[in-house]
Amino acid sequence: MPQRAARRLSALIIATVTATGLIGAPGLQARDPAIVAAASDLQFALAEAAEAYRRITGDAVKVSFGSSGNFYRQIRQGAPYDIYMSADESFVLDLAGDGLTLDRGALYAIGRIVIIAPEGSPLEADSELNGLRAALAEGRIEKFAIPNPEHAPYGGRAEEALRHAGLWQALAAKLVLGENVSQAAQFATSGSTQGGIIAYSLALSPKLSARGRFALIPQAWHRPLRQRMVLLKQAGHGARAFYDFILGPAGRAILARHGFAAPDETP
Amino acid sequence: MEWDALWLSVRLGGLTVLILLPLAIVVGRLLAVTKVAGKSLIEASLALPIVLPPTVIGLYLLVAFGAGSWVGALWQELFGHTLVFTFEGLLIASVIVNIPFAVQPIQRAFEAISPELREAAACCGLSRWRSLWRIELPLAWPGIMTGMVLTFAHTLGEFGVVLMVGGNISGETRTISIAIYDRVQAFDNAAAGKMAGVLLLISLVTIALSFLFAQRVGRRDD
Amino acid sequence: MTETAGISIRLEQDFPIPLNIDLAVDPGEILAIVGPSGSGKSTCLRAVAGLHKPSIGRIVCNGATWFDTAAGINLDARRRRVGLVFQSYALFPHLTTLENVLEALRDRPPERRRHEALAQLARVRLEGLEERLPRQLSGGQQQRVAVARALARRPDVLLLDEPFSAVDRVTRQRLQRELAELRHDLEMPILLVTHDLDEAARLADRICVIHHGRSLQTASPETVMARPQSPLVARLVDLRNVFSGVVTGHRAEAGKTLLEWQGRCIEARLSKAFPPGAAVTWCIPADSIIVHRRDRPSKGERENPVSGIVREAVRLGQTTELVIVVGDDVRQPFHLEIPTHVARRNGIEVGAAIGFSLRAEAVHLMTPEPDGAGQ
């Protein structure tokens, strides 16, 4: 490359880099719009809710999805979220106990788990998990996906249900753990596993229901998924407004459509 | 296609390069011309981020700068918010992680300059500063550009560290790599695919550029 | 040579390369440091330039002390005004010819720089090549740029480190000629380092023979080649005809010393330092050996007539190298070079008898080396 051309190219690159670095210099903007840390099972429900909210109020809301346990950890370390929507209320109550939240929050839904089998899988999805039992006995299960019980509430419930059905030991070595319930759903429906246990709200979505069949697992087989949301200390007006929206009729209707049962408020 | 995630990544890359560039030139040149005893040790520690898994680096950074650390607490005092989970936190992490990508090509470039050239410059009466500016820097420039380009590309693709230290906050720490991961989890493969394609294109251009510059280093003094 | 003009150099060190040099060069004089590879020539040059710091020494140039271990003075290369032409030229590869020379002119007022640079380039006959990059120049042209850059500095001493070694013979001879012409305009002392004896003899006013870092003899080329100080120097300047003998007496009125060698009497230049009976090593340069023509045998009026048998006759193009055994001692043959046509004309071949004379004035006596190794 000739010297002059190299010099010009260098100058161009430097100018570009400098420009990108300095334009829109970083710095936390005002806490508007609100930032929501939401459990992954709310992937579709909250996307719809945020869109509805925007149409009504004209305000946008930023949502980050992940496992409830991860968000709990990040909030403890000072992560700048405004609203925390957990799939397990114990995380919320714990934070509230340490004064990291505005109040003790509110239950927004009761979650359900389902067993799901993708198209072409030898696994038959049924509520009693008999299909799973049979497939295991016949050695036709190589890999089975659940969310990580360590920090994803849906994973913990999946484990409880499997233990209740006496299938945990047999499955333990074949488990593929998703970082959160969304990733578990990915694994379960990708075809690389024979199936898995994921959130009802995810299985209901058109994208997933097309990929396989699922069946609800009885609520009695695990501790209830009492999903609680809370405003964090730095929440501003926009956050409060959205918080109220979720808990109001419009929000509840959206949640119900996505398979979330309305909670009976026993705080 | 999340343009603000892309823009965030580009900004992160750009600022990382701007900050690292002068530092890496100073350190790279120093390592190239000094023969001090602990040199291998210094080089090894600077190369550490290449061999450490990004999650390990992310973890250590989180511990070092998180709300529990004195750095994090000081930052909170000064600016009213945490250092982690912010763009600034990402920037600091990015600078640390990219040290070897910036320093090594620059060090090699300075090493490739024959010592006789420096001596000739001294015999011409050039001051140390002028010798650096007029003789060494132009000759090392292709290597410096390579270092910049590699740093930029590496930052664009950085995932593990951003995940640990960033928190996927849109507009603040949601880089394009995180956005791709996020879209996949949301079963939105179309969006993920588009962004991945853009990233691939940028990476190709980056590699091509770094090869072009590397050629210049090789052909320099015949 | 006074302390105030020219350069005086005294260097000593053991490590990493042993050095023991004591030199002085006058303004306008070319002194060539000659020695085999690794003898410390380049190190010495670099020490003068300020690029190397010897353990002990003193360098004073034009009255200014550049280096003095006793006084703790060591001027950085930048502060000494040296012009150094590197063996590899060390031209700045990214700058044009003109820009290379301009870098040495930073101490001139800006408006004068370009003019001076062009003048220096014209001096070394590089007009028209100002905008070329070093890689676009031939070896000879690069060398000239290096010289121009060194001279542009208006140095107090010009240092040349094997400046002609990297080019072919034709170019080398042309460059040597140019240097020989150029030096008349130069007023500074010039130090030239080379391993090529012939080159040193052609260019230098004096040569310094160096061996393992030690300066053995510093004198004009003719002196060193004809009257080496020791058998070692004789070897280093490629004097082949070095023999051992014994002094038998002196004839001061004739200016001769007599010695005994292989049963003959050899007349040598008067050297009173060697008493009769002393063992000596004697030598004679090739150009003082005169071969007798076949058809005109010696009638006894020639000096030191010697006859022997040709043991080897190696034809190397236009020259034939002869090894001649004189008398019985096969260990001390004579080495001669004669033009091939002369050899042919006189029937000089292996086994033939040949006679030659040694010019007495050129027979030079030296103290033998302790282990008797003179040849």
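Order of writing sets the chain letters: A, B and C. Residues in each chain are counted from 1.
In this section, a residue touches a chain if its C-beta (ideal position, glycine included) is under 8 Å from a C-beta of that chain, and two chains touch if they have at least 3 such contacts.
The shown structure was predicted, so the numbers you read here are calculated from the model rather than taken from an experiment.
**Q** Looking at B-C and A-B, which one has the bigger number of contacting C-beta pairs?
**A** Greater number of contacting C-beta pairs: A-B.
**Q** Return the chain label for which the distance between chain Cα mean and whole-protein Cα mean is smallest.
**A** Chain nearest the overall C-alpha centroid, as shown: B.
**Q** Using C-alpha centroids, which chain lies at the maximum separation from subunit A?
**A** C
**Q** Taking each chain's centre as the mean position of its Cα atoms, how many Å separate subunit A from subunit C?
**A** Centre separation, subunit A to subunit C: 87 Å.
**Q** Distance from the CA centroid of subunit B to that of subunit C, rounded to the nearest Å?
**A** Roughly 56 Å separates the two chain centres.
**Q** Taking each chain's centre as its mean C-alpha position, how far apart are subunit A and subunit B in Å?
**A** 33
**Q** Can you pull out the residues of subunit C that are in contact with at least two other chains?
**A** 94
**Q** Among the residues of subunit B, pick out those that touch two or more other chains and give their numbers.
**A** Touching at least two other chains: none.
**Q** So in the complex, which bits of subunit C are touching subunit B?
**A** Where subunit C meets subunit B, its residues are 49-51, 76-78, 81-84, 86, 88, 90-94, 103-104, 106-107, 134-135, 149-150, 153.
**Q** Report the residues of subunit B in contact with subunit C in the complex, numbered from low to high.
**A** Where subunit B meets subunit C, its residues are 114, 116-117, 119-128, 130, 134-135, 138-139, 220-222.
**Q** Which subunit A residues qualify as touching subunit B in the complex?
**A** On the subunit A side, the touching residues are 1, 6, 9-10, 13-14, 16-21, 23-24, 26-29, 35, 40, 43-44, 47, 62-66, 74, 76-81, 180, 182-183, 185-186, 205, 207-208.
**Q** What residues of subunit B sit close enough to touch subunit A in their complex?
**A** For subunit B paired with subunit A, touching residues are 7, 10-11, 13-15, 17-18, 62, 66-68, 72, 76, 81-82, 84-88, 91, 141-142, 145, 148-149, 152, 167-172, 174, 182, 184-187, 209, 212-213, 215-216.
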